[in-house]
Structures are given as C-alpha cells and as structure tokens.
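Provided herewith is a single structure, encoded as structure tokens, for subsequent inquiry.
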Amino acid sequence: MSGVPGDAAEAIVIAGQRLDHLGLVPATAGNFSVRLDARRIAVTVSGRHKGFLTPDDVMAVDLDGRPENPRQRSSAETLLHCGIYRRFPEAGAVLHGHSVANTVLSRAAGKALTLRGHELLKAFPGLPTHDAAVTLPVVPNDQDIARMQRGLDALWSDMADPPPGYLIAGHGSYVWAPDMPTALMRMEALEFMLACELEERRHAR
Amino acid sequence: MSGVPGDAAEAIVIAGQRLDHLGLVPATAGNFSVRLDARRIAVTVSGRHKGFLTPDDVMAVDLDGRPENPRQRSSAETLLHCGIYRRFPEAGAVLHGHSVANTVLSRAAGKALTLRGHELLKAFPGLPTHDAAVTLPVVPNDQDIARMQRGLDALWSDMADPPPGYLIAGHGSYVWAPDMPTALMRMEALEFMLACELEERRHAR
Amino acid sequence: MSGVPGDAAEAIVIAGQRLDHLGLVPATAGNFSVRLDARRIAVTVSGRHKGFLTPDDVMAVDLDGRPENPRQRSSAETLLHCGIYRRFPEAGAVLHGHSVANTVLSRAAGKALTLRGHELLKAFPGLPTHDAAVTLPVVPNDQDIARMQRGLDALWSDMADPPPGYLIAGHGSYVWAPDMPTALMRMEALEFMLACELEERRHAR
Amino acid sequence: MSGVPGDAAEAIVIAGQRLDHLGLVPATAGNFSVRLDARRIAVTVSGRHKGFLTPDDVMAVDLDGRPENPRQRSSAETLLHCGIYRRFPEAGAVLHGHSVANTVLSRAAGKALTLRGHELLKAFPGLPTHDAAVTLPVVPNDQDIARMQRGLDALWSDMADPPPGYLIAGHGSYVWAPDMPTALMRMEALEFMLACELEERRHAR
C-alpha cells in the first residue's frame, strides 16, 4: 500500500512517459511529485527509470521528506520538492528533468540564466506578453540536498517574485505549477526556449 | 455543441498529433484551422496542448474571429487565421507551429528569409523547379494581434504574389494551403528547409 | 488494380513507415521501388507522403518508366530508379530520401563525398573492414530527370566499381541493394555516417 | 532450438527495441549479451537489425565465443563480450551501440575520454557524487577482434579499477552491469553525457 490516491499516482506515471518521449529523463534521471494535502506529497521512489513507472513507484512523504511507509525510499532530491511546496503555497506539481540543453547551459552559466523575447515565456505566470524576460536562478550542484535547499531558500528570500523554476549546474531543471498539466506545459516551454538559446549562443560566438 | 462538422474537427485533431510528433507544438504553442464556408472557419480553442486535442477543442468563428458559441474562446492568434482566409480565397487550411529552427532564424532575420535551391521548394505553389527562391516575410512579434494582421495586410499589398507562409520573429511559422493534407506537407517542407538553413549558417560563419 | 504483387507493395509501404520514423521523407519527399522481373519494377506513385502509403500507392512501370496502367503517374524521379535497375543487375530495391545531413553536405560538396574509417562502411559491399573509404558521387540537381540520368550513366562508365549510392546536391540520397531489407540497412548506415560527418566538419572548421 | 532461456532472449529483444528508439543501433550496428552461467552467455546472432530482433536471433556461446549450435553465427564482436565476462565476474549483461556522439568523440579522442562533473556519473559504480570524473578508455578500431581484446586486457591490467565501459574509435561504445536493466541505464547515462560533451566542445572551440 503506497497511500497515494490513484489519480495522483497516474498523473506522475503519465508525466514520466511524456518526459521520456521528450528525452528529458535519461537513465534514472528526473523525479516528479504532486501535492496531496497541506502536509503530504506524492513523489517518485528512488532509482527507477522515469519513463516506465507504475503506480507502485509513487510513494507519500511529508513536507520534511519523511516517508509514510518507512520501507520505501523516495528520489534523492525529495527535499528539493518539499522546499518548493513549503515555500510556494500555489505549487501543486513539481517536475525535474535533464536535457542536453539544460545541462550544457547550466554548466556554462553563472548564477542565473535570462530568457528574453520568446513567445513561450507566456507559459510562465504574470507574463501576458513575449516582450519580457524571465531570469532563472542557476545553483551549484551539491550532493547535500538539504544544504542545496537552504541555498535556494536564501535566494528566494532575496527575490521579489521568484519564477516557478530553476536550474542546477549540470543537474537539470526544476519547474512547478498549480497542477500537473500546467507543470508539463511549463517544462516543455522552458526546454524549448533552452534549446533555442543553445542554438543562438552557437551562432553568437 | 461546437457547430463544427466532424471531418473538420478530425482534420485538426490529426494535424495536431502529427505536428506534436514532429516537435512543432511545444507546451500550448501552435494553432490550426480549416475553412468551413465563405464566412466561417473551425479553429482550435485557446490553451490546449495541440498534440492531445479532442474534437471538443475545435470551435467555429466568423472571419472577424467572433465565436459562434460566445462561451468558447479561440486561440489567441485567431485573427491571423482570419486574415489569411480573408485575403487568400484559395486558403482552406492554416497551420502555425514553433520549432527551434524557425525561432532562431526568425529572431536573427531582418524583414524576410529567402530559401534558395532546395528540392522541397516545389512544395510551394508556382515553383515547378528547385532552381528558384521563395522569400518569406518575417514580421515582428506583437501581442496586439489585430495590429500585427494590419502589418501583414500592408505587406501583402506590396507583393505581386505573396507566398503561402510567413514567420513571426521568435513566434513560429504560418503556412496555408487549399486543404489540410497540403498544408501539412508545406509545413513539413518549410521546417525541413529551415533546419537545413540553420545548419548551413553554422557552417558559413 | 495496380498490377503489383502484394509482397512488393507491402515492402514499399513498410520501408516508407521506417524512413518516416527516421525523418528521411519530409513532405512528399522520397521514393522507393523494388524489381518485379527483368523488365518491370514497382514504384511509388507521385505526390503522396511516403510515411503513410497504402498498397494502392504503389504501381508498376517498365525499365523506361512507362506505367502499365496509363492512368497512374509514378514519382517524378522514376527514371533514376530505372537507371539503377538497368545498370546494376544485382539491384533489387532502391530507396531515395532527404535528411538535413544529406542536404547540407551535398549542397556544400563538390563532385563527390568520401566517407573514411567508419565501422558502418561495412554495410557497403566489398568492404570487409572499416579501414577503407567509400566515395559517393554528388551530382547537380536537375528537373530534367532524363538528363540527370545520362550524367549518372557517364559517371558510372568512368568508375571501376560504382558504389551502390549517390547524392544529388540539395536533393537527397539514393541507395540500392539486392533486396529491401538490405537497402534499408544501407540507407540507415549511410545517413548515420553523414550525420557524423556533418558534426565532424563543424568541429574541424 | 537456440538453447537460450526465454527470459534471457526476451531481455535482449527488449534492449534492442529500446536502443533503436534511442537511435543507438543504426543498420545492423550494435550487439547485446547476458550471462547464462559461469561458462555460457546468450548473444545476438550476426547481421540482424537490432531494433527488430526475435528470440530466435539470440544464441548461446561459451566464454571463448564458440557457438553451442555450430550452424549459428554470433555477432562479429562476440569476443569483446566474452572478454568482459571473463574479466569482470560481476558483469551480467553487455551492450554495444553506435551514436553520432560516441562516433565523433571517439574518432577525435586520444587514448581516453574523461567525463567530469555530470550528475549522471552516479550511474557508474563507486561514484556516490557528481563531483568526480570517469575516464573511459578509447581503443583503436580493429577488424581482428581477438587482437583488440588482447589490447583491452592489457589496458585493464594497468588500471586499478576499470570503469564498466569503453569506446572504440569510430565504432561505438560498450557498457556492462550486473543485469540488463542496469546496463541499459548506464548506456543511457553514458550517451546522454557524451551528447552534452559534444555540445560543450563546440562551444569551447
């Protein structure tokens, strides 16, 4: 018994199939979650290929990342999911994936990556127009996930209105949204813009 | 009741699945339409992922973009579809999509993009040979769609024989044709040539 | 009645589905054929998308390209298929497709393109080792297909052992083999090597 | 009768379908095996397209590569599989595939290729962190497979802890793992990192 309602588990299974189709979850990379209630989330278990999940590969944890069923182990980055749900009450679903574009750009970027003038920026909230810019934080990779989350919390505290996404250098992108379909849409929009940026930087050299 | 005949809705649903397979409709990008009669078109509703449409995601509007069913809202760029149907009596289907190639090239281009010497130019009308060129207008992006359409109308008035397609800077490509299968063929041909152009410009730097 | 045996038509339909999966037949590009007997071949009809063929989209022509059923019209490049079957008695199947790599490389190449040191060269006949080279002719594109074929015949007459393939500048690649599965294997091998070459030339600039 | 248990044959068939989906087995490239017991392995037969295998395309050989059924012929590189199973008792499955990235990088590399700072390095054993490096040997291609294996044996003897993978210049990558799912995960992780490296080297020029 995973303690996860069927529709939450199904949303995560389907998200994984779509992100695998888009090439965003190589090997066992990537992890996904949805908020179940004020204190619990459903999240992927550790170590599975995210394109071939079953509902049994989804488990419940509290907002400190503690599993309801102590025999289960959730994805290594669970605390990053918890950090998002704790900070952003509107967050209902979180996606993390790896692409060639987000890996190469995040490894080359400094502390932030700015996307400017793309029509698909409208997929992010509060941007009714393409004539705008979104600046995504880029944080260093760290195997101490709690420490990485503390860094993100500090970063968000300094921002007036943090965007619903960030990059970890060499370790993929995170996006969130009120629900899973919107989170998938933001992930597709972000990855499309990053693929364009990678091309443009080649041209601009 | 959408007021859209089943075959028109189905043509749009299938077009979306194909363009998603080709990677041309990331997030909620892209929109499609077919002409129903002299005064009405069927067009995609706003906000859906275009790779997963159902017939209920297609609605009828008149050539000024007014919905038959006032509770439905059509894609934001509906007036660009209407502008094409009003201007070109032979237009029976319109497709709009985003690719890395059309985004990067349209952002870098000035007012036009010329494709030259490609065998696939024959997919455009009036070109029985590859030994030719098609010059596609590139217009600036604008969230005021009516104003963007006025700019296109002015542009077309200055052209002897406007080609059935254009690019919006950072906002994808539009193509049209007498029917949906031909529009899909032109979209595939255009996007293939743009992908080649992007490669060639890298080599030419 | 197409006059084409079911297995020949089916081999062509399946080849089209595979080449579409590999992105080698955009729009209505590409055409395929198999030899039926000493004087006849089965070839794709004109104008169809080659990823969605049915057996009715395959027709019989003689080695001068004349249709058995005068109401059918075969692919524009039928005479290039006939030229291969007339010249090379061992040819049993011919494939033609367009890729970004074969388009960009053939437009940039002079009269030939040499592939060297690839393990997949072994897909070509008479090369038991990778430590070899295959030089593929590159011919200028020409809407006069009969004239293009005369150029190829002249070229082949000057070669001791013509390889089972060539490129047309900006107009794709041709490969042939004793049977369709082997032709598909050669096409995949050729296109893989061309994709590698395109990458290597970027690095070498 | 192939003498191969059904689950071993099925693991190899499914691996081929996945690697074809990922574009890693063009033409007849690639070969796969699983260990059956201390003295026997199941390996792909020679010459098939690895994306379309059936259980009959899998055969048993001993650790010197001799077929149990003398009428069957295994993949040309069988001795490389045997070399891995003889040397590494923990190896339970071996995969070999070709990508544009592994071909281009292995042709350009000297004797080794170092991957550094990638989160996906954790797919390799003994690396609990991304803050590490894996150095993969790159060996020259050679049609004398026994000689190539002797070179690998000499190389491994000089290494304290050989990583479970290597590249052959212009001839793809090899990875192994205790079981097939883990081998597939390592292949996906390796190929993802190689695709990133190829992009980064373009930027770094």
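Each chain gets a letter, A, B, C and D, in the order it is written, and its residues are counted from 1.
By our rule, a residue touches a chain if its C-beta (ideal position, glycine included) is under 8 Å from a C-beta of that chain, and two chains touch if they have at least 3 such contacts.
Nothing here was measured: the structure is a model prediction, and the numbers come from that model.
Q: Stepping chain to touching chain, what's the minimum from chain A to chain D?
A: 1
Q: Taking contact as defined at the start, I'd like the list of chains shared as neighbours by chain B and chain C.
A: Under the touch definition, chain B and chain C have no mutual neighbours whatsoever.
Q: Tell me the angle, as a multiple of 5 degrees, of the rotation that maps chain A onto chain B over the C-alpha atoms.
A: The C-alpha superposition of chain A onto chain B needs 90 degrees.
Q: Under the over-half criterion for shared residue numbers, do copies chain C and chain D use the same patch or different patches to meet?
A: Mostly different residues form this interface, as fewer than half of the numbers used are common to both chains.
Q: I'd like the Å distance between the centres of chain C and chain D, where a centre is the mean of that chain's Cα atoms.
A: The separation of the two C-alpha centroids amounts to 32 Å.
Q: Take the average of all CA coordinates in chain A, do the same for chain C, and state the distance between these two points in whole angstrom.
A: 45
Q: Can you tell me which residues of chain C touch two or more of the remaining chains?
A: In chain C, the residues touching two or more other chains are 202, 205.
Q: Between which chains does touch occur?
A: So, checking each combination of chains, I get A-B, A-D, B-C, C-D as the touching pairs.
Q: Going by the contact rule at the top, pick out the chain C residues touching chain B in the complex.
A: Within the complex, chain C contacts chain B at residues 26-29, 49, 98, 100, 103-104, 107-108, 141, 143, 168, 170-172, 198, 201-202, 205.
Q: Taking the touch rule as given, give the residues of chain C at its contact with chain D in the complex, in rising order.
A: Interface residues on chain C, with respect to chain D: 117-120, 123, 128-131, 181, 184-186, 188-189, 191-192, 195-196, 199-200, 202-203, 205.
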